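Letters are used for the chains, namely A, B and C, taken in the order the chains are written, and counting of residues starts over at 1 for each.
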Amino acid sequence: MSLLAGQILNGIATGMLYALMGLGLSLITGILNIPNFAHGALFAVGAYLLVTAVNVLGNFWIGLVVAPVGVALLGLAIEYAGIRRLYAAGHDYQLLFTFGLSLILAEGIILVWGPVGISHLPPEILRGGVDLGFTFYPKYRLFVMAAAGLLVFLTWLFLEKTRYGAIMRAGIENKEMVSLLGIDVHRLFTAAFALGAYLAGIAGALTAPIRGLSPGMGVDMLGIAFVVVALGGLGNLLGAIAAGLLIGVAQAIVAAYWTEASTVVIYAVMAAVLLVRPQGLFGIR
Amino acid sequence: MKKENILLLAAVIALPLVLRPAIATEIWIFAIFGLGLNLLLGYTGLLSFGQATFFGSAAYVAGWLLKHYGIGVFLALGTGVFVGAASAALVGYLCVQRSGLYFIMLTFALNQLFYFVAYQWTSVTGGEDGMPGIPRPAFLGIDFRDPLPYYVFVSALFLLSLWIMKRIVESPLGRILQAIRENEVRAEAVGYDAARFKLVAFVIGGAFSGAAGVLYAMLFGIVPLEAIGFVTSGNVVFATLIGGSGSLYGPIIGSFVFIWLSESVSTLWARWPLLLGVAFVIVVLFFRGGVVEAWARFWSWRSSKQKI
Amino acid sequence: MGDLKRRDILKIGALAAAGAGLGFPAIVRAQSKEIVILGLWDQTGAFSDVGPLNDRGMRMALEERDMKVLGRPIRYITRDGATQAGTSTRRAEEAVDGEGARFIVGPWSSGVALAVSEVAKRKKVVHLFSGGTEDISGSRCHRYSFQWAASPYTAAKTVVDTFVKANPKAKRWHLLVADYAFGWSVEKYVKEVGKTHGIEFVGADRHPLGEREFSNYVQKAAANRPDVVAMINFGGDAVAGAREIFNFGLTPKVPLIMSWSSGVEELVQLAPEIRDNLWVGTNFYYTADTPVAKSFVKSYQAKFKLPPGYAPSAAYSMTRMLLAGFDKAKSDDVQAVVKALEGLEMNDIVGPMRVDGATHQTLRPYFFLRCKPKAAMKHELDFADVIATGDAPLPKEYAACKDIGSF
């Protein structure tokens, strides 16, 4: 069934992007305990910054490095100027704030880049496709799979094997303990938000040549990111990765047989899983 | 009568004189929607980010019956209340076991589920195009197709809804919900099954949302897809927060402010959502508690100044 | 006690002031000399990039007349429909009630237009629209709405007939359709006309409006091994779809048809490799050889650098049609203008047009183009050549508009 095999490949590619988004959001919701409704907008900003960076610097690879850093800096600014004051404010105000932010970012994109969708081609060497036998597949998508996979692995490595990563994981588990150990929890929060923003930004940058850019491109991604986090368990990083891949593949397989239902399926899977396991597939809380 | 009620009555009477009846009607409909949401948000402490699920489902079902079976106004309303309550019971059952961020995300994601089902089920809902052709049946010889009679009808329903909600929040049920909001563990310890009461709050909130949904469909003659989308869910939350979730009247003020902002500013600048986002940020950073609290703070500041 | 009263008065006063900002009834505001025309163009939502283009075209047509008709000033107002049925109907009603608009042009999305058409019927105002749904001049026809775009039947016939003549061996077609009113109508007729040519439709997938992730759809299309892939979608969707169909290696081996395209505005977003073996059907292409088109394209290009695609051209032509209606009726009375539009004939950017009084459908040519390889392009905007036009009207047996109705 080469259609199925091709779809599964698609699913892994999109799943990797979902995993990146879910990972970033899981970090933010896990450590900062806020509902970040601006996560989709950060994704969109990453895509637009990539296009500008490539136009200005003339090189896709440099752009790919620079754009997400730009989003991370934006994340730093947002956390410092706004979110920092809201940790005690209650989820409703955090939500209002991040949602307001998402409006500001989306409209800001329109003001800077205009409302027209922008097409952006992948770099020369990644154009065209390869014949994989069971399907002909675009080179760029294979690259995205590999790059996203590498990023996910590096993030995991950072969180599991480095001291700062351990602090972050501890922050998810028990913030008070972390601050009692003398670690500046504020810095931890800022770093976590910046890292989450970085991951959203690079997901956006990688997506730009695939989906093109439009100011509303973050909205659908936001919903999917929340599903991934809900399925994977808040703050459960491996869970977010697994859930992202699961959703991507499920969507692609359903698309092979019943295309119209492929988006509904994501939310139906989530509802079904949460009925049976309220803590998500991998959550423990 | 208390002064707030006098004001409200005055507003109900005066509004269609200064605004188009259609916009005035929309404000009261949104206020009913907000009252339902605030039972959850303000009184029980549950941030339900998916109220459009009940609003939209009720609108679709009642709209369908109105359009294809020519049912009467009160049957349509009853259907809307029932569908709103039933869908809320379903969603609530799935959600009340969770708390905090999980709860919010779950209500959001379930809203998306309903949205995409409505999107795909084009034979029934019309999908992207919406369900147009919703009539406004006459009642007792009164033709509701004229904007003013419909306005009177809706504003009367609003006043009724407000009275009902007032009775609910002042009843023992209302106080139990507030106790759950303050300290769920303690409420449980005293013997109240928090999950069950949260579900009750959900169902009541859903009933109000459903009523609002049907009135909305009849107002515009169409059930648009957005009625069940997360933007509508977000709008009612934001309007309520801006008005002030800590009071019964907050959602009403929020409805005024929100609908006024979105209708008048949108004709001036295409990028008006930017201003809306800025307004949200400002409210969060400086005016938490919304208009109601800002107003109270202002007057207590004034009266404290005068005392000297 | 005195404090309370003042507070209350202040509150009421604030409310009233706020209310005044929302608009007094039309009786107070509208000046009787002006003719108020509403352009319902999207600035946000799925068609946020099309709205500004529509506005350009409409403005150009009005400015040609110095914003005057019948010796009276025209007040041109625009409202953002947000590409949503609810918002658009609301804003349309507000414009009619609050601003005294009695003539509506737009919106762009067919599904939303159907909803606005109901407002036009209810409020008894003239409504012109260009889009791919057949219902406005079909099952939902009424006295107040007019369709400028070619009937989806005309479009399908032009596209399929011409393509089959050029590619007689391509019998297996796969369709990719936008899932709303416009997509459904055009799909229906592509299939009808295709059957008369013995075409086998090996697959037809629908995607949501605004879709950008086409990999799953393209894989499905590829798996069917079609001879042709035909897309029935528009704007950003069409661009994204065409790009993925190329990336996955379907084109240029397999020809791709964009059945109802915006022309220039989409083609400019596609790299030359993607345009190889691309066939395009459109309501207007800028190389159209008519005097009105030539002068319009020249002025448009001078102002905006790119030549106009379907979106601004439709707005331009519809507005000119409305103005011609005023001229013919010698009045701005809604019923008189409607009667003047019925049976109106004019030579406009697409060539000879005639409005069928029985259905309010404009009978006019539809264009079919073939894109050129990079080597054959004489200048950077020389994307395609018009290889055929067709104006076959909808046959009587398909006509769903049995009675246009009364006022």
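The criterion applied here is as follows: a contact is a pair of C-beta atoms (placed from the backbone, for glycine too) under 8 Å apart; a residue touches a chain by one contact, two chains touch by 3 or more.
All of these numbers come straight from a predicted model, not from anything done at the bench.
Q: If every chain is a node and every touching pair an edge, decide which shape results: line, ring, star, complete or other.
A: complete
Q: Would you mind telling me which chain pair, A-B or A-C, is linked by more contacting C-beta pairs?
A: A-B
Q: Calculate how many whole Å lie between the centre of chain A and the centre of chain C, each centre taken as the average of the chain's C-alpha atoms.
A: The computed centroid separation for chain A versus chain C comes out at 36 Å.
Q: Centroid from C-alpha atoms only, then distance chain A to chain B, rounded to Å. What do you get?
A: Chain centres of chain A and chain B, defined by C-alpha means, are spaced 32 Å apart.
Q: When you check chain A against every other chain, which residues touch at least two of them?
A: Touching at least two other chains: 110, 260, 263.
Q: Pull out every residue in chain C that's touching 2 or more other chains.
A: Touching at least two other chains: 43-44, 179, 208.
Q: On chain B, where are the residues touching two or more other chains?
A: In chain B, residues 119, 273 touch at least two other chains, as defined above.
Q: Which residues of chain C touch chain A in the complex?
A: Answer in residue numbers: 43-46, 48-49, 51-52, 179, 205-208, 210, 212-213, 215-217, 219-220, 222-223, 235-236, 239-240, 243, 247-249, 269-271.
Q: For chain A, which residues count as touching chain C in their complex?
A: 2-3, 6-7, 10, 13-14, 110, 114-117, 119, 121, 128-129, 131, 135-138, 140-141, 210-212, 214-217, 251-252, 255-256, 259-260, 262-263
Q: So in the complex, which bits of chain B are touching chain C?
A: Contacts found on chain B: 3, 6-7, 10-11, 14-15, 18-20, 22-23, 26, 119, 122, 126-130, 132-133, 220-222, 224-227, 256, 260, 263-264, 266-267, 270, 273, 299, 303.
Q: Going by the contact rule at the top, pick out the chain B residues touching chain A in the complex.
A: 41, 47, 49, 94, 97-98, 100-102, 104-106, 108-110, 112-113, 116-117, 119-120, 230, 234, 237-238, 241, 245, 271, 273-274, 276-281, 283-285, 288
Q: Going by the contact rule set out above, which residues of chain A touch chain B in the complex?
A: It is residues 29, 33-35, 82, 85-86, 89, 91-93, 95-97, 99-104, 106-108, 110-111, 223, 226-227, 229-230, 234, 260-261, 263-264, 267-268, 270-271, 274-275, 278 of chain A that touch chain B.
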